[in-house]
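For reference, the structure I am asking about is given below.
Residue numbering begins at 1 within each chain, and the chains themselves are lettered A, B, C, D and E in the order written.
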């Protein structure tokens, strides 16, 4: 019985962790797809989102509960929105910085400089204590899965990730806007030459990616504590997810996220001595056999 | 019609070789003079800071070698550094072997590790290669951390004694500084020579268009692999110096900050230039040291990373290709001037003419 | 340019020449808060002495050791060679402390007072003349906890701890005493440092153990405890904590969940002595929360150094005398009355603290005090040092 | 009434290379064909009209409004269509998506069915990623894409490159009808047969300057002129 | 004597479509052959199969009597096979001279490492570079970075990359595309002057040039070989007129 319990729990944990990773990675993929730049400040935006979400949700909760205690959950929602806003703003700053700087490496270095600064500023502003947001009761009720009680918030995270996935899929692959975005990724100049203000559009999508990352920070920060250093952990794992799945592929990110989530979860549960190697080992193994990740493919003829 | 240019090609080769040689000799002489004179001028701490910067610079140079000339942005360089450092630590400190044995062994091990990593990694390219090396670095970190009986785990190997060279202990600041300058200069000149042979051009071709190189009959994978081993040797040399400098090696060598500093150094110097890596290493090391000191002294705060990060942003905005990286426009102007003067183009083999870092498309 | 220009060469001792004290703590990354607390502690101690000893101003130089032994060595050099520090307080992490101790021969003219690093070998298996430790070894505060656990009637205890040297020692200290009395540890769950999702660890805890010994720090402890609660297991299990598991820093964020957790430390959240009350008040004024272990550790180290300096009339240049004086100094630190053993390690009281709510604040309240606990507990020092060092599998009593 | 396109003393540099050295001409309907050897600056002219390379001096006007150095989308919004040299299709979009993306954005005769009618080969390959198309198919797609914007001025940079004769012929027909129905076409061509077949007038560019503006018949008739302007004679 | 190139039942599918289907071809050493066909007929794909960029789904490819169906790209180059690409694939960051140098260095090296080869031994190749640049009309651009070339100049360099002393079989994919009439004339001169030790297969939509340079024409349509013969025979072939030359009438 305990082994059944452990297995189901581990499986569920893998899936919920994978769900959060997907939310994080999809923002990364979106931004990478647009700018062709490794956004190394991705983790920092996540962390900033978490911190801003924390402060906003605290403030609003205090304020709201003074008037209408029943609406305590509003604070958390406000926090998540604040996190999204913060993420979008940073994306805006980043885009302004990158503009006019040519080349992948210099642009990457810019994002790295920004990441370092944001991370340290967070430490400056919020101190080094580990923090978490308080999600509202409504989404925290334990639910029973396969007869096992399971934290409701984690189920909520799965729902959130599914929503993000579907929404992004519809946006990118089933809408006029999506076709233009993908065309712009392939060749910005030509899209502009057919009459589309691609720079404005890209800025918006870029900010959307930032917002998504910020929101992920608040959502993730509601059950995984965050502190200085979380930024680069998240960045590393997002990179792994995205690369396992194949860059620029939404489906790839989803599969990569679930794989990483499951490996992490089962690795820790069943091979704890090796858990340090499992993730990097998976990345190496996948890339050794599929140099473009699982779903990465080239649509350009050699 | 274009006879002047045509006849100049052969001359140009002879000429760049001559000029190059002269420049090499000058560079070497200046470095040597600096090396010999500096202990008379500098304080112990300055020497130590410069040593540390040069060691970082060597790793950065090995990074630039791969990134600038091979288009392979590798985060694994600190693993090669660490490998050599651990071999010196374990062999010299734990097992008591003489430095004469451990040092070559250490560099060899770094090369072997680079070769092993290379076997797996050279097949991928671009960001996949980058992430692959990140994963390999983490593997190295994991082994250093987990294989406690050999590596000492989290604590690593501490108290490593530096050997004596010609009666001077490398544990002292000045002798170690001198040796570091010599090793760094020798590595630089060696690489510079190597990259001016057709090998250098071959690498750049592979960087820009591996498919086409294959279609021209080159062994692309072999060249990439060899470059990786070479970079491993350089990083390994740095590792030997580093472990004597610090007296300790721990899994942190493969940690985030160490790699971050290497990458920053290389990019600040400019990945398309080898000497950029060396200078970048010194600049970044000194910068971090100075900023953290000043932030404490002036503002009483330890948040120097905020400022360091901002400085990088500003530097990149103004020198996108690093301080020593010549960007495409400057290069074209240079070329024109060169053409006018000598009827020749840029023959500086030690500078990868990558307009945009390693990006193969320029438009 | 600037870096090189601002280095001042060490001058001969003159009147009013400042006493230069270097402080090393991790001020960036995941352990930044602990380091910042430590720096606060040092500043409070210096303030207490009016910022001077025998008319010589005390000048502080603060550096970030970044939890990295190589960096710690470099920063010690910066403090000694650049700033002319004659006393260096720190570093914080085990590996860093070990590296500095083993390389301490390089600094004959400075005294290094380790204020946080818990690696045993800093004061065991070889003593460096210029290295002292005022904090504790990893096992020192958990020897009594094993004793206590057995008294509580626990016979089977499972362990969740981070996979590196400090937790090995904490678990080792606990098991040495617990197993010696007949207890058993059927399962040790080692998790990589910085784990965010503990659900898998939670899933592995054997249901039939009497208690769980948790040796995690910082975010790790917070994540673990929260997730235990998420899975409804927190109420079903007694929890024992390591020294940094239930520090004030954690209590600030998850106090209610920690209620009733008993941990072993050289500090407590509520002590009756005046030194503690004074530190509590001053630090409270500064930061609005009770002093953490790290505040106390660094405060204690600084105060120890300053007391000794006072006794040698501020003549910091005579390092021989300073070190001799240091070794003989004993005083009432906020944690407890402290003195050095002949291995240069502190002999403090160890408290077993339980998390309780005091005046609306979650605090560690001492429930038992073991006075004057040596780094060797009650074992013979020679035998203790000859035994294998703690690791994942040592000791073992399944 | 100002001309549809008028270029006045245009100068363009790449770094310090002076590539366009004072180009001036007007174009107000029909097919104007730009000829010149490789590297003379034809593409640079087209790109500078589109706002894709910065102009250092001079002016580009579309229907009298200056668009010099305007963003490409603003130039395109004035009814300028562009078939770039080297195709520049979007590899990761399917053929269908290329066209659908522009469908309905502009009013005019060109709709997806019309385009497919002109290039039946594209319809056969509508679900294929454009990156997998053959060179000629990509060229058709580039032309089709420009047509889908329903331009009143069409700039075509070597549209016949890589197209089989069996495709070129109907294309010539189509361009003629388009021009007749009012679309102005600026055609850059290396295929002399095509150039002389469709053009109302020829512009000859040599080293960044316009050397001549003549009707095709005049050039065809004068082999000395051919030799002088093009470096070859057409009918040997 | 062995055929220079022998294709036996070569096919290649992409997903559902057959780009090349069951092609048989025999080419004598020194022969000049034009490969014609409408857009999307599979000409470039056939080149890719011969050069080894993609493996055939079925069939067998022999080069100078040796089965090279499974050989890697580079190994074919060492046996004297050269090709150009329809879409120029140049080393954008290198100068024209450096591009050509690599074009001369690679095949000559038989794929060995280029590490040991000093500048001195490379001298001869630089001379060769000058010669090649001259032939393709780029001698005025030796020091220009490839990225700064015009489209047509890139096409010229593309051809330059495939020329070499030891080439025994050159595959040219639309060499005249993008070239101005004058450059076309130069190219025609260059190709007709190539040594007869070297075979030539040329995809070309410029009929004047293709027919003037070759003695044999092969026509591909929908992946299959539909006609073969001398230029005169092909021009008059009604099927070829229908699928390729267009109903219009005169071909040349």
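Worth a mention:
The rule is simple: a residue touches a chain if its C-beta (ideal position, glycine included) is under 8 Å from a C-beta of that chain, and two chains touch if they have at least 3 such contacts.
Just so we're on the same page, UniProt names per chain: E = Lipopolysaccharide export system ATP-binding protein LptB.
Because the structure is predicted, anything quoted here is derived from the model rather than measured.
Path length between chain B and chain E in the touching-chain graph (shortest route): 1.
Put simply, the chain farthest from chain D by mean CA position is C. Contact count check for A-B and A-C (C-beta pairs in contact): higher for A-B.
Centre-to-centre, using mean CA coordinates, chain A is 44 Å away from chain D.
Remark: chain B and chain D have CA centroids separated by 48 Å (rounded to whole angstrom). Work out the mean CA point of chain D and of chain E, and you get 28 Å between them. Between chain C and chain E the centroid-to-centroid distance comes to 74 Å (mean Cα coordinates, whole Å).
The set of chain B residues that touch two or more partner chains comprises 145-146, 211, 304-305, 328, 332, 355. Among the residues of chain C, those touching two or more other chains are numbered 28-29, 36, 163, 392. Among the residues of chain D, those in touch with two or more other chains are 14, 17, 132. By the touch criterion given at the top, residues 42-46, 48-49, 52, 145-146, 148, 153-156, 158-159, 171, 242, 246-250, 252-253, 255, 257-258, 286, 289-290, 292-294, 296, 302, 304-305 of chain B touch chain C in their complex. Across the interface of their complex, chain C is touched by residues 2, 5-6, 9-10, 12-13, 16-17, 120, 123, 127-132, 142, 149-151, 153-154, 223-230, 233, 264-269, 272-273, 275-276 of chain A. Remark: chain A residues 38, 97, 100-106, 109-110, 112-121, 123-124, 232, 236, 239-240, 243, 247, 273, 276-277, 279-281, 283-284, 287-288, 291-293, 296, 302 touch chain B in the complex. Within the complex formed with chain D, the residues of chain E that make contact are 14, 37-41, 43-45, 86-87, 148-153, 155-156, 174, 177-185, 205-207, 243-248, 251. Put simply, chain C touches chain B in their complex at residues 2-4, 6-7, 9, 27-29, 35-36, 39, 61-64, 66-71, 73-74, 77-78, 81-82, 94-95, 98-99, 101-103, 106, 119, 163-166, 391-392.
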